[in-house]
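See the structures that follow.
Okay, so chain A shows up in both of these, paired with chain B first and chain C after.
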Partner chain A sequence: MIAVRDLCKRFGRKEVLHSISLSMGNGCYGLLGANGAGKTTLIRCMAGLFEPQRGEVLYDNRPIHRLKGFQRDLGYLPQAFGMLPELTLYEMMDYMCSLKGIPRSQCAGEIAQALEFVNLEEWARERVRTLSGGMVRRAGIAQAVLGDPKVLLLDEPTAGLDPSERARFRNSVRELKRDRTVLLSTHIVEDVDACCDNVIVIHGGRILFSGPSDELREVAVRQAGHTGKKPTVEDGYLWLTNGIA
Partner chain B sequence: MAHEWDRLMRRLYLELKNQRLYFFVPPFVLFALVPLSVLAGPQGTDPSFSQCVTLSQLFIPSFAAWWPLFVLKEYHSSPARELLVVHRSSRAELLSRMISLWALYVLLAAVVFVYFASLFGRVWYLFAAVAAQSMFMIALGYSLSLLLQNTFIPLIVNFAYSSIFMLAVLDSPLNIFTIGTFSDAGSLVKPATVAAVAIVLLLAGYQAERRLYTRSM
Partner chain C sequence: MRLYKHSLSVFLRDRKLSIPYHGVLALVLVMSFCCLGSYSRYDDVFSAVRWWLARPVIFIIAFFIYCGYELTVRMHDNDMVEYVRAHTLGLLKAYSAVLFSLLTIVAVPSSMFFAFFLFLYQRVGVQYTPFLVHLTKLSVLYFGLSLAAGAMLGMAMAARLRSNRLAVYTLTTGFMLLNTTFTDAPFRVPHLVFNSYLVERALYYVKDFLTLVPHQLGSYFAIYPIYGFPMEPVRWVVAVFWVLFPLTLVLVECFTRRIRRALLVASALLLLLGVGLFSVRGSVLAMDMRNDSYAYADPIYYADRLRQDYAGYEAGFAIEAYRMDLTVSNELHAQVHVTVDNPGREGYEFTLYHGYILKSVRTEGGEIPFTREGDYVSIGGLNGSDTLVFTYHGKSPKFYANAQAITLPGYFAYYPKAGRSNIWDLDRYGYVVNLPPYESVYTVKVRSGLKVFCSLAGGDNGFHGRSNGVSLFAGMYDEVAHGIYAEPMRSDQPTRESILEAEQILTDAFLRVGHPDMVIALSDKKFLQTPASFALNSNTDNTVIMSDHIVSSSAGAQGLACSIMTSIVRPKSAGDFWFRTRYLSYLLRGQDETSLALQSEVDTSLLLEEMEEWLLLPDPRANNMTEQERAGYLAAKRRRSELERAVSEKAAKYLFYESARKQENLRFFFDYFTSESTEDCLQLAITRVREELGP
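Our next item is the complex of A and B:
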């Protein structure tokens, strides 16, 4: 459904992404990498925020910059979220509905559903600036799912969430991934282990691994040998990145 | 088209609502500061048209960019500016806001000029001049804020420009203001030039706005 072909992104002389190629269908993909690995740059390119120097992002086999409808099919949670702080949460969501082109008649239902999804329905009449950091993060997730997008790009969605909300988020992602592509960028390996079927490991702007999470676990088993402990995505990730370092 | 217009107006309404008390500054200037200053006049004299010319040009254009710059602030310094860019409905999203806010501001100014017309008779040439100057100030704020990725400096430039050129440097060719009687169509030559410069500035800002969408994050 969404693919990246030979993508290169440079800032000045610094090349941040080196010939990245990926293909993603329905399901949840975990984008794992250390700070500065290029996760956010890749996600921004995929959202159409950055123009790559080379390569392209394809949605249904067509370049996204030529597709007017792509933005309507896209749900995006940026790394930093928090907008229109003097509006109520409901009004902010209403603003997002309007931004996403959701018809007025459907907005109330969409907003109620999205706020329920992140357990914020009781806070709908509170001003955004009075919400805690974790709540604002959840509001960010809620705005991303407005309009039932086919592609969800979530940049560090669980940063700032408490353990119970993180568990709730993982369960929600399991529901979301059934009929859409979810790309979850994070450096929290447990989140990927818990809800992603596929893992993409990025390091220094290059893809080190892209495939099913079970395959990454097997990599760990092959390298470490059978220790009796159930292998995790983290084991595979650490082996891959430590091998490079 | 109607749907797009409805979307734009809905967002504009919420952006203005987000300004809270700051929203009321331009209406206060238009409906209280300017009329009361004109009515007060110099000590012991009746309100005069020349006083109206000076005070209208000093206050009305300089506060025209207030709402637009506060709207632009969300695009420059909000943590969620990426979202505003990702889900843009057109590449002239900000330009259309600037024009809408100018129209709204001029509409409110027209109400004040209806009142001035009851006091001084023909004020509509002055009104046309103030409308052109307001457009210039919005265009200057829009293009500067996109160039500098900041709204505070354009706001300061705005007020500094009005104060310097209205109160001190009257003869400069860079001055958009006119001290005159505004009694005939000839007094609209300078405002027409100012409007043309404002359009050029809006187009320059639009070029910066298109660049903002792909390269500025």
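Our next item is the complex of A and C:
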């Protein structure tokens, strides 16, 4: 559904992404990498916010910059997310519906559904300034899922969430991934382990691994030998990145 | 629409924005009330609007910069830009919502100002549509576009500088200072210290380009009714530029790739267009301290140049006819056909004000060479032709001609005049009244959006007649009575009665001094009142009588008679000011009979004592003095000045009011003042008093 072909991105002289190629269908993809590995840059390129120096992002096999409908099918949660503190949560969601071009008649239903998804329906009439940091993060997830997007790009979606909310989020992602592409960029490997079928490991702007999470676990088992403990995505990720280091 | 509603909600719910905004709305009301109060008290609508509305508006503009910035930068402060951009035209939609919200909040005070101007028009009660149009344009330019430009600048700074408030508010402060006269002092340094006229011009060029409020905070220049508030086309260009240019900078942020590049190109083109149009602004009323300004340009220009005296210069030819095709747009564009009476000469000299750039001089045979030297044009023979065609364009800082108003008096060389004559008199600090001793036939056609009033007969901006000078006026100017033209908004307008009365006063005076030949038939001539601003930098052209019309800034009978007589009774030196003033007062019977000075007779013995002292008191010189000598010098100077005034006033009172020979004395001094005599005025008066009082 969404693919990246030979993507290079430079900021000045610094090349942040080196010839990255990926392909993603329906399902949840975990994007793992250390700080500065290029996760956010990759996501921003995929969201059409950055123009790459080389390569392209394809959606349904067509470059996204030539595709008018792509942004309508995109749900995006950036790493830094905030809202206008003077508006109520409902108004803010309405603001986002308006940006997304969701017809007015559908907005109320969409907003209710999105807020219920992140367990914020009771806070709809409260001003954004009264929400906690975690609630704002959940509201960010809610705005990303407004309009039933086919591609969800979530950059650190669980940062700042308490354990119960994280658990709820993981369950929700399992629901979301059935009929869409979800790319989850995170530091928290447990989240990827819990809800992603596929993992992409990025390091220094290069893809180290891209494949099913079971395969990454297998890598860990093969390299470390059978220890009796159930292998995790984290083991595979750590082996991959430590090997490079 | 929903985005707009939410944006407006943000503005209204944020106390840091809404409370000051409501404060500003209250301030607008207070300013309007104060303006109304000032008008009611002083009966000067332009002064009231200038003081209470036009000058302080820069603070409201600065407030809208703040609003524009703070409302827009919220998206950056709250990390919204990234995900807003991820939607189709997301940032454009969000910025548009902010833009329309800002325009809404700007529209409220603008509408209040407009409503107030409509009320003011009703209150003033003058049924003069150009004034209503002027007020409407004023509310759009000064209180609409300027405020919108402020909001746009704030928005652009938010889009470009993000949360860098230090930079934003530093720029805002700089912008505010450039819209006041407080920058006059540093801007004059290059000229005053380094004599660099070009740097001063460049600084003011930048300042003018950033000036949203042409009548600036700190300016002490009055607004004159014929011109009103400066609203020349270039002011509109600048205001529209400062709305559109920031808008393109904001739009650049909303797009990527080709559209972004196209917008960058568009903003660069807009900048070029703005600067280009600004560069050809033509005649603009510059009421400030700069060298090019209304008040200082000519005095400085002539003071900096070699003094040449052309009094008594004989041209050697006369101009029989003028055919003038004038186009008044941003400045004066002229094609003047001049027919001379003596086409066989080898050379001709003309006077044309140096501000007019002479493009060509032609005869029927084609272009002929000419040399230009300041105000003077020299050409060779006419090759058998008797008609010359001068093509020129340009401006004068004082005698302006632009899309807003025209003030071109006939004595000013805005068209070629025969021979060489001085334009400025350095000694008398004023313009020289240049009028030929003969009449020429004039045919004048003026292309202008303004209704032009001319000293000649005609209409629809076409005029014809004989005169020794043609005066043109336009702007908020009208025929207020038959043959009398003035600014309808001015409270001291001339009337037919006041002109007749002035004529009687003058006739009486001329008969008293034994010169019935000098009686002037004022009521037979057209009367064109000049703006009071004419006196700002000149004290010589208050009233000028031409063969078919009079131009004068005076209106009342006594004032008009006095200014006409002043133009006849010329000063001999700066020291005769008090004596001459009193002389004119007694000659025209303008003395205040109720004043204490006239209640008692002159103490002649004291007068003689003071005369003796004044005569014996040396004229102090200030060279190479010690501190002690300086103190003595200053005391002597003060005493001499006191005595000069006291002796002048008492001698004048004695000679022209109390003396049994006062008629004879009046006549004697009239002949003295109108002669070429170089005797000292006060010395003469003292001699005369001594003769009467005896030893």
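Quick note on the criterion: the second predicted complex is superposed on the first by the 245 of 245 C-alpha atoms of A that agree within 3 Å, B and C clash if a C-alpha of one lies under 4 Å from a C-alpha of the other, contacts with A are read in each partner's own complex, and residues count from 1 in each chain.
Criterion: a residue touches a chain if its C-beta (ideal position, glycine included) is under 8 Å from a C-beta of that chain, and two chains touch if they have at least 3 such contacts.
It should be emphasised that the depicted structure is a prediction, and the values quoted were computed from it without experimental measurement.
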| item | value |
| --- | --- |
| Combined model on chain A where chain B meets chain C, clash or fit | clash |
| Partner chain in contact with A:R104 - chain B first, chain C second, else both or neither | both |
| Contacts of A:Q143 with chain B and chain C, given as first, second, both or neither | both |
| Which of chain B and chain C A:D94 touches, first, second, both or neither | both |
| First (chain B), second (chain C), both or neither touched by A:L84 | both |
| Touched partner set for A:Q71, first chain B, second chain C, both or neither | both |
| Chain B versus chain C as contact partner of A:A167, first or second or both or neither | neither |
| Those residues of chain A which chain B touches in one complex and chain C touches in the other | 44, 47-49, 51, 71, 74, 76, 78, 80-87, 91, 94-95, 98-101, 104, 140, 143 |
| Parts of chain B lying in touch with chain A, wherever the complex brings them together | 3, 6-7, 10-11, 14-15, 17-20, 74, 78-89, 214-215, 217 |
| Residue ranges of chain A in contact with chain B within the complex | 44, 47-51, 71, 74, 76, 78, 80-87, 91, 94-96, 98-101, 103-104, 140, 143 |
| Residue ranges of chain C touching chain A (in the complex, touch as defined) | 2-3, 6, 9-10, 13-14, 74-75, 77-80, 82-88, 90, 93-94, 256-257 |
| Chain A to chain C touching residues, read off their complex | 44, 47-49, 51, 65, 68, 71-72, 74, 76-78, 80-87, 91-92, 94-95, 97-101, 104, 140, 143-144 |
